[in-house]
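Consider the two complexes below, in which chain A is the common component and chain B and chain C are the respective partners.
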Partner chain A sequence: MTATDVRPHPGQQRAEGTARRSFAYGNEVTLLGILAVAWVALSLAYPTFHEVGNIQNVLSSIAMVAIVGVGMTMVILTGGIDVSVGSGLAVCAVIVAKYVLSGGSVVVAVALGVLVGALLGAVNGAIVAFGRVAPIITTFATLNLFRFVSLQIFENQQVNGIPPTLSWFGPTGRTLGVPNAFLVAVLLTVVAWWYLKSYSTGRHLFAIGSNRDTALFAGVRVARREFAVYVVTGVLVGLASTVAVGSGGVVQPNIGTGFELQVIAAVVIGGTSILGGRGSALCTLLGALLVGTLRSALVTMGAPGLLTDFFLGVFILAAVAVDLVRQKRRSHR
Partner chain B sequence: MSSDTTTQGGSGGSAVTAGPAANEPLLRMTGIEKRYAGVRALRGVDFEVLSGEVHGLIGENGAGKSTLIKILSGVEQADGGEIEYDGKKVHFGNTAAALASGIGTVFQEPQVFPDLTVAENVFVGRELRTGDRRVDWAEQEKHCVELLRSLHLDPGLAHRTMGDLSVATWQLVSIAKALAADCRILILDEPSAILTSRETETLFEVVRRLTAQGVGVIYISHRLDELFLITDRVTVIRDGENVATRPIGELTPHRVAELMVGRELTGAEHLDPRPLGDVVLHARGLTREGAFADVDLDVRAGEIVGLYGLIGSGADDVALAVYGIEPADAGELAVKGRKVRIGSPVTADRLGIALLPADRKRQGIFASHPIDFNVSAGNLERLTAGRLFVNRRRERDRVTELSTRLNVKTPSIKQRIGALSGGNQQKVVLARQLLQRPDVLVLEEPSQGVDVGAKEEIHRIIGELAEGGAAVLVVSSDLPEVLKVCDRITVLREGRVVRSFDRGASDTDVLAAAAGRLHSTTPDDDARTDGPTQPKGANG
Partner chain C sequence: MSQTTQATAPAPSTRPAPRQSPLQRLGRLGRLVLVERSILLAIGIVIVLAYYGQYVGYFTVGYLSEQLTLNLEIGLLALGQLVVIISGRGAIDLSAGAMVSMCSMVLGFTAGLWHWPFWVAALATIGAGWLMGALNGYLAAYVGYPAIIVTLATWYVWKSLALYVHNTTPISSELPGQVDWLAGTVAGIRISLLAVWLPIIVLTWVLLNRTLYGRRLYGVGTNDIAARFARLQVARTRFHAFAFSGLMAGAAAVTVTSYYHSARADAGDPMVLRAITIAVLGGVLISGGAGKVSGVVLATLLVAFLNGGLTLLGVESQYQLAALGLLLLGSALLNVWSARRFGIR
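So, the complex of A and B:
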């Protein structure tokens, strides 16, 4: 060992060949474990908790967060952030709602939402990637701009009497009992996971978040990738807006307020490093599930709604602490 | 890859005359010009690399050699001149283009992705892919393992996350990355700065193997002895011009140093003695658990006292205690005859003690801020009008005065400090300490990472400061520096004072005292290399 080793690490030899594989899914396994324990414990304590209806509710309630979370994971992987998704959702939702109200078809409604979302994402992406403005500043500005745009289209009143054109995406749209919106989220997550793992452009997102300058020197098309992740997030916001409109009835002008925080919370609780470079789309889905479970549990217990915020805060701090400990261990190498 | 070629061309070190591929000019840069903000960094530099040669490129910090390398590797574009590579005129718009045509660069500070595996780091930007464009993990790992083997590294590293490995390993992985690109010109920018002597040997071995294959290697180093070991020819850059390109055999280390500085080095053995005043800094039985114990010190006004020890000796901890960063937990300290307790840098500051920190990049500079900001930081209360507003004019005057006095080479005090050379950065940090006109000046590694000329200058400045009545404590692991600058040398070993020397002590005596009897023959280079094995885990 000593003849070839630069600096011996404990366990290095043992780790050979298996290190990446066995370690790579540590977060997923941990989150799944926490979820399983939570569900078993809650089901034992509250028999209503594992009723099909409740599970369906949890799944459909987190679908929007999980869908946008896929894009947000990619954005955060590159070291960026997008706090404009809530306002973007409002823009897409009001346009889709008005279109549906005017008697439009499902396919065009979805396409419209996605297109508008992509456009909004392109605005963010262009400013961040080509204008080199800090993502938090850029999207904080567009958060306000998009909100203004949505209110203009709302004409300061809610959209009433929306027909159930998009009900396939809504809470009642199910396949084999599973909410369709949740299935869409799962599908997107799996695609993203596959892309991030297997394609060089996906791997480059990790590289950019890990060390932007080095990525540039290594010949990674940094600006193009950064632009792309914001556009993808925009597309997913557009898709999520069809879920929001899917329940039909009313769309309020304040739709999407605080949505960005829920999405970022899911990503961070899922263990994606807010500093970029490390994370997983799968974990974000699990993070969203964890948040949904928490909400539902507190409702079932009849706990005051404020407690949700408390636990959400605790979860986020815990996730960040785990990340910090990991970083620390690394710097003490 | 290409392991079959390792056996040919046995005398790699002198490949210029050996292999059949040699003497063929692989690269020719002519009349390269580069300006930064109106300053001519390169003034028509000619530079040539033959295939199979190791071409040393040296010059003081700021001379322009890094700029030349940046242009060659595509990081920057030249404002004028031509690059002829492999018989064709070329222009590299970015690093990827340079790498694609076979010019690989290993930068001084390893450029890595701490969150990715070693294998991924090696292939980022040029991933190996399967037919359907997916990343071919198996193939990448296989190639990575081969590369690691050729660098005498543990093949198991391929799967490890880069961030968990040492900086030295990062450097070697960066070399693997360049090799993976099958480069024909390999640029090594101060590769040995963070390598141990054994790792450096491995590096030399790799370099010789590559030159035997006809690769041209550009080797940048401050360590003159290395140049004489590995290079065939040397080009000296000074003030943006190529002042000499010579076969290494025609040069001596002293001659190279003179070419770099552009004048004859005085090589003063020792600073002139000065009249000494009263004891300014007085310590008895100074102790910090786990770092040092029972340290006695006396530094007089006008005196320069050296604190010397190998890594882990606790000498640096004593400096931190005097400045209150890691306060001593026992013993007594007195400044100008008054007993004091120094619990924080603020107290030290108020008592007239200043510290030049050891790690310039982390502890010394605000890299993205201009010189004036860097000098006045921590001194603003001395530059206020009515203790409320910063007097910008006074700030400007004082900073200008100090930077002139310390001979900081810069177009303006508004210059970003990160853009200056190491020596000039160090002078700016020193200027910050001097702004408060300290009675006690603690200098940690005052000339670390600065070039020959700046080092001489810093030594002169230290002498002048003592002349001006300051009590100077120099903590340095650079033995020649300590011997040259200090009036007295106190040697620490394992946290205790083992011996004191007066002027004119021999280096072997001081080293023997520092290393202990067992290791009295160990060259100090070796001692510097085993950083992680600190005896008592003092630096927690």
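So, the complex of A and C:
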């Protein structure tokens, strides 16, 4: 594995009482502050921005990012990365779409998506955890492999006329005006936050990310944990695919291209350290909200659609810069 | 220790060499093949050439050099990846393909729309590549960003900007005829192979093996903390590694644009996977500090000839994508396994 963890970083000094301090961290507060300022500023400048319809659109558009972001947070906590989620989404979505098209039921469709996602995640996890290949190499290879698999199933043409079987997950499925998919994302985030905070296996993820060798010596079953986080990410990708198919209609073969960038952006903008060992699922949800706000703001302000990825990339760089400054300040203390 | 070896040194003539069982000899051969990646790749090339040689039109200078030309840019980018990956700490340049796209648009604008002389435009393109690589290097080496996140971000930044600057349309008809110069042939071999690829291979080899910088690079990549204590300029060495990858992207943009006589915003899209696959297949360890020019060049030849064979048999490019992904996984597993088995870094 890569020797990326030689630099002592603050995660190691925060061994005791981390669970409590993760809130005292201030990340959540900062992010909420930025979000509030952005929303107020945008609403004042563009009256259409704070209309209920637009807020609902933003919430439902970030649901997929937030759902997969929960898994990605765990992967990045262990010091890994998964760039194959976009292609994985395509595989799951085309299978679910074709199944729904053939008249399948909701429960089986969701189960199918989750199962296929878990399988794809297991491929990544097995190669990273047991084959000890660097995560970026593994998932970069599977990014292309999964895309190939999805194109084979698509047979190079879009899937048309999908019935709205899964509309509960789609943009029109709402409870008390809030998109259901967003509620699912919130629920998953809270579960993940609780798990990472209170379960020993959850704490192990932080240990692995801080220092893999030390975690190994401390008796953490490192390979098993690493395998598990990739499988969890796969499961969530499968779940997100039901959201993608949700509204019915058409699924294009290029679905999910660049999705990984949005998810990784949400995670690092949320302040999870890309070096591993530090981060929070709650922050990722706020990061996803910020990404969604940014995209919506760009559309509202009339920025060219081609430049969305440009701003997303710049945003990631800025977010990581903030994290780096914070780390430097703490290691000098 | 040294005394005993000196004492026994003259002895071997009287004592017969220890007999090896055939199995031991096979084991040593296997070890050699796995440790010296060049041998494995050379065997691979011979097998590929011998296998496809049975098909008419494959084993000719024209066809094989054509295949090399098609993979020339990827070969250049793979050399860039080699230098970046050697620099260590999990460094990798995911943005190389996007830099090619952006540089291609730079050449399209300067040579095509602004009518700069071709050589000036080409130099400007390579300069633009250096700048983009230098940005990666500055952020990764001096500011301390993890290389993965920098190059992932700049990948999308350049990709999106390249699509935006000319509104996704390629610049073709405006390009001057001079641009085609590199696409001409000498004795059936493309000029770009002789005038660009070969010199760059030699230069990279000299850079890595015969200059102070090369030694520093391997040192920094092997252990950057030890390198800092040895007063090597760690950040500067890394910075130049990324800038080198940018230079390669600039050069690749010039050749690909002249080959297709068209500056395209998606020129570099499929190149990153291939370049990284070739680097890993060539035995470059992702943990840094290890990797050879010979391995990368032979891996380029192997992939080029293999692709050529598949194309000749009419295999769709989609399957070639899948084959590359599998090849990347396979060679990464092989690298990890042989490094653990034989203790090479």
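Just so we're on the same page, the second predicted complex is superposed on the first by the 299 of 333 C-alpha atoms of A that agree within 3 Å, B and C clash if a C-alpha of one lies under 4 Å from a C-alpha of the other, contacts with A are read in each partner's own complex, and residues count from 1 in each chain.
Rule of thumb we're sticking to: a residue touches a chain if its C-beta (ideal position, glycine included) is under 8 Å from a C-beta of that chain, and two chains touch if they have at least 3 such contacts.
None of the values given here were measured: they were computed from a predicted structure.
By the touch criterion defined above, A:83 reaches chain C but does not reach chain B.
When both complexes are overlaid on chain A, the residue A:133 reaches chain C alone and has no touch with chain B. Common to the chain B and chain C interfaces on chain A are residues 1, 3-4, 6. Across the complex, chain A is touched by residues 75, 94-96, 99-100, 107, 111-117, 120, 124-127, 129, 133-135, 152-157, 159-160, 163-166, 168-169, 172, 199, 532 of chain B.
Residues 1-4, 6, 81, 83, 127, 131-134, 136-138, 140-145, 147-149, 151-152, 258, 261, 264, 268, 274-275, 304, 306-310, 312-314, 316-317, 320-321, 324, 328 of chain A are the ones touching chain C in the complex. Within the complex formed with chain B, the chain A residues making contact are 1, 3-7, 9, 12-13, 15-20, 198-200, 203-204, 206-207, 209-211, 213-220, 273, 277-278, 330, 333.
In the complex of the two chains, the chain C residues touching chain A come out as 88-90, 92, 94, 139, 143-146, 148-150, 152-157, 159-161, 163-164, 167-168, 223-225, 273, 276-277, 280, 286-288, 318-319, 321-322, 324-326, 328-329, 332-333, 336, 340.
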